[in-house]
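Structure first, commentary second.
A, B and C are the chain letters, set down in written order, and residue numbers restart from 1 in every chain.
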Amino acid sequence: MSDTPTNPPDDERIIARSRFREALIRPELGGIAGIILVFFFFLLTAADSGMFGPAGVMNWSIVSAQFAIIAVGACLLMIAGEFDLSVGSMIGFAGIIIAILSVQMGWPMWMAIITTFVLCTALGAVNGWLVIKTGLPSFIVTLAFLYILRGLTIFAAIATTRKTIIGGVRDVAEGDWLAAIFGGKILTGFFQWMGDTGLIEVFERGTRKGQPVVDGIPMLIVWALVLIVFGHILLTRTRFGNWIFASGGDAQSARYTGVPVNRVKILMFMFTAFCATVFATCQVMEFGSAGADRGLLKEFEAIISVVIGGALLTGGYGSVIGAALGALIFGVVQQGLFFAGVESSLFRVFLGVILLLAVILNTYIRRMITGEK
Amino acid sequence: MSDKSKPIVQMKNIEKHFGAVIALAGVSLDVFPGECHCLLGDNGAGKSTFIKALAGVHKPTKGEIIFEGKPMEFDRPRDAIAAGIATVYQDLAMIPLMSVSRNFFMGNEPIKKLGPIGFFDHETANRITMEEMGKMGISLRGPDQAVGTLSGGERQTVAIARAVHFGAKVLILDEPTSALGVRQTANVLATVDKVRKQGIAVVLITHNVRHAMAVGDRFTVLNRGQTLGTAERGNITPEELQDMMAGGAELATLEGSLGGTV
Amino acid sequence: MTSLIRKLVLATAVVAAPLLAATTAAAEGEKYILVSHAPDSDSWWNTIKNGIALAGEQMGVEVEYRNPPTGDLADMARIIEQAAASGPNGIITTLADFDVLSGPIRAAVDQGINVIIMNSGTAEQTREVGALMFVGQPEYDAGYAAGLRAKGDGITSFVCVNHVISNTVVAERCRGFADGLGIELGNSMIDSGQDPAEIKNRVIAHLNANPDTDAVLTLGPTSADPTILALEEMGLAGDIYFGTFDLGENIVKGIKDGIIQWGIDQQPFLQAYLPVVILTNYDRYGVLPGNNINSGPGFVTADGLEKVEMFAGEYR
């Protein structure tokens, strides 16, 4: 190594770009632009509808957080080059398993939750293993699981209880330490204080008279934030993150440089299943019941959030922050249209338009970054 | 640096069968440190199969690979990489969607410990990438520039620089110039020359005799899964090499009709 | 870049214009929101939409219809929370699953919003969530009455085609029917799904597998319409005993043609119309009926079909 580093002359073909432009051109730009647009729209149309009051903010925040939880998993998996269409069915499945183990079989709640997490991530691993071993597109393999899991869920529910909704979870969860991590609320004292000082409205009557209308941050939102931060750091700041990009960008190239592509992909399938189980557990703990039809079409909602957030459907490119912004856009639009009093059947029109605009903008940005043709 | 008088790699009588097809029927080759050994042959001659045996992608059906004096068996590409045999494939060199520095360190990410957790050390990665690219004469907008924005020749150069940086003793280049323009080809061949001068053994696969003659020290010609012999630089003319690759007679007639331009 | 953003803004404005126009059509005055559990595909709820629209027009109040697009009850809970946050004068909602919906409904009540439970729910549950009243058909009782009637007609076995397997309240109809007949429900209830072709073929498959089935009970037009087709295809139309819950155009025609013996009309129009009227009058004058209102069951048979026929699927 005797060469001294020589600074090559600047290439006259590289056009100098301003710092502002450099900062602007990033995967999340589409998501950021979408957020601005969506909030601008709803501030104009629904400002006085309670959408931006405490209860309204909490309402669309929860819905967005739900989307975000599954979007983080779907995002990392999509960047690793695979899809999981069984997310929605996994949500239904995980919920019913928790309910059967705790209510029907009388297990303590923490044990039921942990067992469900183990079982569902194992199923995620099976998904991934099948995709790797058969070489089939993950689209097909997970589509099969979409049906298998949904069918098993309904069967298990009917076989144990003759109903497709299993209630009574709240009673079993009472006082359970792990259940509180999924179904509890934090900062309740702070919100009570805000209610007492008149910063937010309080209930006017009933058993909760005097309590604030928003009495804390649900763990659902905490989970969403934790998963977003975890996913973002994993993707951008770790060696494993580089492997995720590489596996999705070009699996063969990645293998040739020694990236354990199979392990990366299977782990991402497991993480997606984990996220779906978090979603299901939070939902079951909040509502106190599990339903066999929970989570219908949620896989597409996750994928839409991820795509709005700038990820490339074919893998190798994307951002967790972008996916989180996508989830926020999705949640705000879905709930905001109700606030704005728009006929609810038009929600899908609006969503479709947003999806289309976001994808067009994202493609444009991505080409600028990656030089794709 | 290794002893230049002893071959770093010896491949003896390598045979490879794919079912009923005999892709390689006993090919031998040795490579010395610091030399550029060109492997020539027409399409389908078995060049790619041969070097994939060396790179650990295919296991030879028969034959022996001796690396640094010891017989080796590579089960996976990673084994070959770990031993110091790096391969730069024609179109699989880089991932276009990822930045240069992420590509450069793909599979070998530098780690910065923060408590018990190891993070990707972007600072180090970016610095080394810029240094190494500078050495190879490529000017980047920044380490986070996507590889997709680089030209084909630049991508090959990044891939070669990567292999050298991570301590390759033997560098296999699979048709690095086949899809490149004149100027980019010259750049890549200049890079090969730099690498050779660092004492690294280079195995250059090509079917372009002129490219081979530009940097090669020795030339081995493959035809239909067999070696047609190894020649040293200065002992063979480009025309003779061309004839050996294509099996002489037929090409002579073809060349006549094309006015000697091939 | 800036031109692109400008284009996007423009495109959004173009798309948003009709949506905005839709919102301004609302009248001044009181606002009531009806939240249902039905997916978009359930045509039975058209009557409900027509009912609240008519009541809104007559009373001079603003009415809105909301539902979870896929019928996911967890999504419905969010919609109730959303409705409460938007500060209406009253919410009219179904209570399809007590566990899921009681929390959000109770929170709405506690925020000072008047709530009337319609369609699904029981008197006891209505009291428990603090709603003003229940307007609807007690499902188990309706099923039981239908069971007694069928028993009188000599029926001993049946299949119940359930297209909303997730709705525990609707399943009560089947249980009531079985109890009315005095037999075990057992495997008589099939989950047919929502797709007409699937429903039709599941009915055919079930009847082929169980040829000794005396009677078919469907739970609404979604399952009744394909079942009529299935029976026609099997040559059983008019032969097998066929009763159904709820009305619709094809059901009325089936009754007229003698394929369907009776339809149980829970009169959805009343379930939508009455709550709006009641809430408006309660808000304006403080008057409130003293008890729950049973909008059904009423048996609709081949006699006196005229009015039913004229308004089937619209107000009936």
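By our rule, contacts are C-beta pairs under 8 Å (C-beta built on N, C-alpha and C of every residue); 3 or more make two chains touch, one makes a residue touch a chain.
All of these numbers come straight from a predicted model, not from anything done at the bench.
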item	value
Contacts common to chain A and chain C (chain labels)	none
Relative to chain A, chain with the most remote C-alpha centre	B
Rounded Å distance between chain A and chain C, as computed from the means of their C-alpha atoms	32
Centre-of-Cα separation between chain B and chain A, whole angstrom	43
Centroid distance [mean C-alpha coordinates] between chain C and chain B, Å	71
Junction residues of chain B - those touching two or more other chains	none
Overlap residues in chain A, where contacts from two or more other chains coincide	none
Chain B residues touching chain A - in the complex, by the definition given at the top	77-78, 81, 87, 89, 92-98, 102, 105-109, 111, 117-120, 122, 131, 134-135, 137-139, 141, 146, 148-150, 194, 198
Chain A residues within the chain C interface of the complex	21, 24, 33, 37, 41, 45, 49-51, 53, 55-56, 58-60, 62-63, 154, 158, 163-165, 167-170, 201, 203-209, 213, 283, 286-289, 291-297, 335, 337-350, 353, 357, 361, 364
Contact footprint of chain A on chain C as seen in their complex	1, 4-5, 8-9, 11-12, 15-16, 19-20, 22-23, 26, 40, 64-67, 69-74, 77-79, 81-87, 97-100, 103, 106-107, 109-112, 130, 165-166, 168, 171, 191
Chain A - residues contacting chain B, complex	1-3, 5-11, 14, 17, 236-239, 241-243, 245-246, 249-250, 252-259, 312, 316-317, 369-372
